[in-house]
Amino acid sequence: MTPDLIYGATGIAVFAIGLIGALCAQDRLRRVLALKLCSVGAGFILVVGAWRIPPADPDPVPHALVITGIVVMVSATAVALALIRRLHTLEAEDDD
Amino acid sequence: MTETPFLPLIILLTSLLAAPVLFALPERAARLRTGINLGVAALKLVLVGWLSWKVGQGVIYDISFEVLPGLEFKLQADPLAILFVSLSALLWLITTVYSVGYLESGPHRARFFGFFSLCVSATVGVAMAGNLFTFLIFYELLTLATYPLVIHRGTAESLRAGRIYLIYTLAGGLVLLLGTLALWVLAGTTDFSPGGVLEAVVAENRLAAQMLFVVLVGAVGVKAALVPLHAWLPIAMVAPAPVSALLHAVAVVKAGAFGIMRVVYEVFGIETAQALGMTAPLAALAGITIIYGSLKAITQDDIKKRLAYSTVSQVSYITLGVALASPIAAVGALAHLIHQGLMKITMFMVAGNLAEGLGVKKVSEMDGVGRRMPGTMLAFSAAALAMIGLPPLAGFVSKWYLAQGGLDAGAVWVIALLLGSSLLNALYFLPMLQRAWFRDPTDADAPPKQRIGWMLAAPPITTALMVLAVGGFANAPFSPLEWTRFVVAIEYQE
Amino acid sequence: MTIDPITLAVFVPLFGAIAAFVFPRAAVWLGLGAVLATCATVLGLAREVLAAGEVVTPLGGWAPPLGISLRADGLSVAMLGMSAIVGLLVSFGALDALRDLRQRQYFWPLWLLLLTGMNGVYLSTDIFNLYVMIEVIALAAVGLTVLSGTKDAVRAGLEYMYASILGALLFLMGVGFVYLQLGRLDFAGLIAAEPSGALSAALALMVIGLLLKTALFPLHFWLPAAHANATAPASALLSGLVVKAALYIFLRLTTYMPLPDEILVTLIGALGAGAVLWGGVQALRAERLKLLVAWSTVTQIGLIFLAFARAGQVGLTESWKAAALLILAHGVAKSAMFLAAGRIKDEVGHDRIADLDKSDIRPTLAQFTFALAAISLIGLPPSLGFIGKWSLMEGAMAAGYWHWVAVTMIGTLMSVAYFSRVFAGFLRFDRMRGELAEHKGWALADIAPLTLAVAAISLGLMAAPILSFIELGYPFGELP
Amino acid sequence: MNDPFLLFDLLLASAVIALAVATLSVRDLFASIVLFVIFGLLSALAWVRLSAPDVALAEAAIGTGVTGALLLKTLHHMRFVTGRLGQDAAESVTPAQPVPAPVIWANAALCGLITLGLAMAFFAAPQAGPGFEALVTDAMPESGVTHPVTAVLLNFRSYDTLMEVVVLLAAVIAVWQIERGLSEAPAPALGEIWHGFARLTLPAIVVVGTYLLWKGSEAPGGAFQSGAVLAAVGLLLLLSRNYVPRPAHRGLARWAFVLGTGVFAAIALLVAGGGREVFEYPAEHAYSLILLIEGLVTISIAVTLAALFHGREPVALAIEEKRHDT
């Protein structure tokens, strides 16, 4: 049992948990969280893929890809959250 | 010998290009619109005359380009096409005059004449299509161009009729698409050629060929109003009179009948179709339609409905002539394509005049109309008598050849059928004439609802004179009958 | 400094977006100029592709698999051309349709970023780069969806955002598995790869993500509301262009990594059939014009997947062409239709189908445009939609897939039925209260959709040259 | 089985999974976000274990820090709008729309299927197969930098990185567009929520910042990480109201957003020619160009992230200082 297998399985599990949350969660904020979990799961897979048995150095390309993925995800999250805030305000105005 | 290969294209484009101009004209530019309408119609007629003369001399026109690999958009002017093109060009001019008079102050004239133009372009395209693919394109265009004309009044009733019309014809078009595709997949070509393109397929897969025949004839049979696909035609009567005239005489119904000719003669070839055992059922279906249409016509009180059922019956004469698989019957069928057009357009224009001028829409209201509109009613009488088949009028000529053809093909029942049908024709037309001429007007002193101008009066009289002429001078050179013989010689490859 | 048009196709709209964002007052003219310049660039690229068959640029001088290269062939240029030309005309339409100043200020940078993303997708040869590009598209598209700022639009935009993120993440996960399996991410690596179970799983993940983004039934749930509630130019872009980007990636991927199993091909076809039928039913039930048009997008996507449904087999490259034709046809016709629907809504003041005939204002030209676009979407001759449908049915028939022929025909009939609901509203005149207002003549916003609709109809006769152009550079397998 | 880290690995992996489950299953959203932050930090730790310190830093700073801040701000906003700010532990602030059971089952089945496929594919895939490392090693001397990840990000795959900055730009434009005309909602004060947040993340930020500074001495540091650290400073300024965005700052903000993207793209184009492709930096200037790009991109990222946190664009109608306390 090597770290890549352990963390690879972890990544898949986290992705699956996120997937279930994204599809089944009712709360808007929670769905964003679920999607974020999915992205961490995908990050795990790439980082695990880059890992080499020490002392070999890991492959730097997937690392760069995950960093890109993280920035992309925070952008998407920001937009989703802005939509949630706006929608919430509009709905609250309607209730008044 | 080929020269000016673009002539068919130019003929097609005259009215096609006129359409956007007519759409764009403002409603009030009535004079300009009339000028364009008549000018283009006259130009087209002249061009068609030129084309027929050239084709008569043996020039072959053929213009095509590739739409998909191997699949061509193709126009050709063969004698059969010329027959139909001449009819539509001539009657378009006459109907245009009539429409200008009819719609003088109505709404949406820009739209009307635009689609009117498109409609005749589509008809010309149907006539000159050089393969089934091109035929399909114009066949569908015809549906689309006529739909706004059918519902021109914009009432709930006309929209309902329009929907039924659209469902029938577009479903037919879809089946035609299926058939065309199947032909393309089976035969590798969709070209029209005398003798057909399916010999190899028939030898290989008889059942597929038979199914293809049913699909293709069924598809065009919708527009040809073959029973049981005819229901849309009487309902489409809500259209304005010039539209009905055009629909019944030139455009839609005729496109269907013409399609049957193309399919039987040039996709399958008459011999192949006969060998497949498909012509006899088709003839029987045509016979049923002839009798059914006439019987229904007798029971109608609404003039236009009676005329519509009469069309159902009369157009099937053409199908019958094709299906009998005898060259003599074919002459009758082709001649009837022209003759029925002339007769029926006269009647519909008269019906329009009665409704517009006197407010008469029903047979039971026709008492004494002959005295109030003598010219118009004389035209109607000539057309009606011709339709019944009184010698030497137009209808008689076609029926005569059909009967001869029936004997030639060994189908004696055709004689009985034609006699029966003529009797039924008489049964629904003669009472109309009797009421018009021999009964006193119920309200003789009532002022006419509206004066009928020359633009409404002249067209039916003109076409009535033509009915007399094509019957009386049937054997003259350049008569439709003569041209018909020319066509049949080609189709039967004699 | 000499720069190939292939790079400029991505950079021109990017600089346009930056300029339009930094100078909001001049956003309209900067934006329009950038779109025009993009058109010119695409034209230049088209000439190069015509001459050479394909154009490849390794960015940074690093060849794949280490670097990323841009590649243009017939198919990519056809997609670029469609985006540029449809985009240009929609831009003209937007000049008139967006009256709110702040809407206009944000429309241009977002739309140009969208164009950047789409052009990037069509030129990309690297699957991770595709992931970044679809995210650019997603964020810009969501921004455009909620441009109107109404509650319905924001709610639909949020659903769209969730679907977009999830689709992109599924795609990213697939990218991860491709890396695990192959150790590289470029198309050439995919083509050279030996088929294996793990690779199929990666492909499946990416495909599910893409299907979500392109809204194939039953993953279409987000689309109707999003497209129906956006402002008209945004709807036109979203429906006409944006869904095509994911479709294009799907087309590329399944060309390079053929679907491993006939069952999967059938499944794709079945989903397409489901889209055609379900979308048709929903369009028949839709109460609002724009919603009807949006549901029609669902059915059209389904139709395109019906064309894909026999792609897995050897030698049947025809179905790809049918799909490509249908994609182009839908792009042109649907954008025309959404713009026209927007015009009708603007003029009449609402877009309830049942009440269209109660209005004394009839935007004739917009209605005419709508009808022309409908002709292409129904698939009546001689439109591009007809030629696409012809190719689709021809392929299905030749392969003996009569069930797909039947579905196509039923779908066509349904489209006649739902569009004729609209025509009835246009053409019925006896329910008006007053006199019919004289038609107002031409407006700038009418010309763009009309041009698009006329193009959708007349391009059908030019299908042969279009197809031979698309085949340049062998996009459909058989790489030299 | 004699790997000394095995136990650590197993424990960390189970903790990550457990936190993921907990994040989605606790009723209180605030707790959920806090759990998510811990989850993110532990994931980052796992990535450090997998010799990916750069990734771990980015995840901790951006994926967890900034995301967590954004989530908390949103939660705060929603509770404020519905007037339920006072009630702590409000479980859900959006009305639950009942989802039909068949849909839930279908979704669950789909998830199960996907997971199963993934697991099978993962264990069937070759472990630690060859990747790009040989290519990268060969190309490093020409890249102009010494840190491989930086070389990939800013040279070998700089096109991806440019597009990533474009995504960020698209996000800030979209957010301004979405929140345009929104009335001055309360900028969250450092209330009870925020103290918790600060307690959790501030130490992380400090650690990350120190590490980056140290790293910067040997090679160009990651633009994204340092951008995030700078953004954290911006966040604190905004939260503590030491800086209040004003309409007059709008133009400057726009320029700051596009600065990185614009310069990055412009340099990419300008170096082309003379046989060089776009993005192909001349070898002698590669180092300085990359440093320039990185510096400017860092500024843009920092400002953009801070703006994403602040949300709406500063508009004239909301000037009045309104300090909101719970």
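To keep things simple, chains are lettered A, B, C and D as they appear, and every chain counts its residues starting from 1.
Simple rule for what comes next: a residue touches a chain if its C-beta (ideal position, glycine included) is under 8 Å from a C-beta of that chain, and two chains touch if they have at least 3 such contacts.
Here the structure is a predicted model, which means the values were calculated and not measured.
Colleague: Leaving every chain except subunit C exactly where it is, which of them still form connected groups?
Modeller: A, D | B
Colleague: Chain with the smallest distance from its CA centroid to the overall CA centroid?
Modeller: C
Colleague: Roughly how far is subunit A from subunit C, going centre to centre by Cα mean, in whole Å?
Modeller: Each chain reduced to its C-alpha mean, subunit A and subunit C end up 28 Å apart.
Colleague: Nearest whole angstrom, what separates the Cα centre of subunit B from the Cα centre of subunit D?
Modeller: Comparing mean C-alpha positions, subunit D is 73 Å from subunit B.
Colleague: For subunit A and subunit B, what's the span in angstrom between their mean Cα positions?
Modeller: The separation of the two C-alpha centroids amounts to 68 Å.
Colleague: Indicate the whole-number Å distance between the mean C-alpha point of subunit B and the mean C-alpha point of subunit C.
Modeller: About 42 Å, centre to centre.
Colleague: Considering subunit B alone, which of its residues make contact with at least two other chains?
Modeller: Correct list: empty.
Colleague: By the touch rule stated above, which residues of subunit D touch at least two different other chains?
Modeller: 114, 118, 122, 131-132, 136, 156-157, 160, 164, 167, 170-171, 174, 178
Colleague: Where does subunit A touch two or more other chains at once, residue-wise?
Modeller: Each of 15, 19, 28, 39, 45, 48-49, 59, 61-62, 65, 68, 72-73, 75-76, 79, 83-84, 86 in subunit A touches at least two other chains.
Colleague: Which of the chains are touching one another, listed as pairs?
Modeller: Taking the chains two at a time, the touching pairs are A-C, A-D, B-C, C-D.
Colleague: Flag every residue of subunit A that touches subunit D in the complex, lowest number first.
Modeller: Those in contact with subunit D are residues 1-10, 12-21, 23-30, 32-34, 36-37, 39-40, 43-45, 47-54, 56-68, 70-79, 81-86, 88-89, 92.
Colleague: Across the complex, what residues on subunit D touch subunit C?
Modeller: Result: residues 114, 117-118, 120-122, 124-126, 129-132, 135-136, 139, 155-160, 163-164, 166-167, 169-171, 173-174, 176-178, 180-181, 254-255, 257-258, 261-262, 265, 268-270, 272-273, 276-281 of subunit D touch subunit C.
Colleague: Could you list, by residue number, the parts of subunit B that touch subunit C in their complex?
Modeller: 23, 26-27, 65-69, 73, 107, 111, 136-137, 140-141, 144, 148, 151, 153-156, 159, 162-163, 166-167, 170-171, 173-174, 177-178, 181-182, 184-185
Colleague: In the complex, go through subunit C and note every residue touching subunit A.
Modeller: 66, 128, 131-132, 135, 138-139, 142-143, 146, 151, 154-155, 157-158, 161-162, 164-166, 168-169, 172-173, 175-177, 179-180, 183
Colleague: Which stretch or stretches of subunit C touch subunit B in the complex?
Modeller: 364, 368, 375, 380-382, 387, 390-391, 393-394, 397-398, 405, 409, 412-413, 416-417, 420, 424, 427-431, 436, 438, 441, 460-461, 463-464, 467
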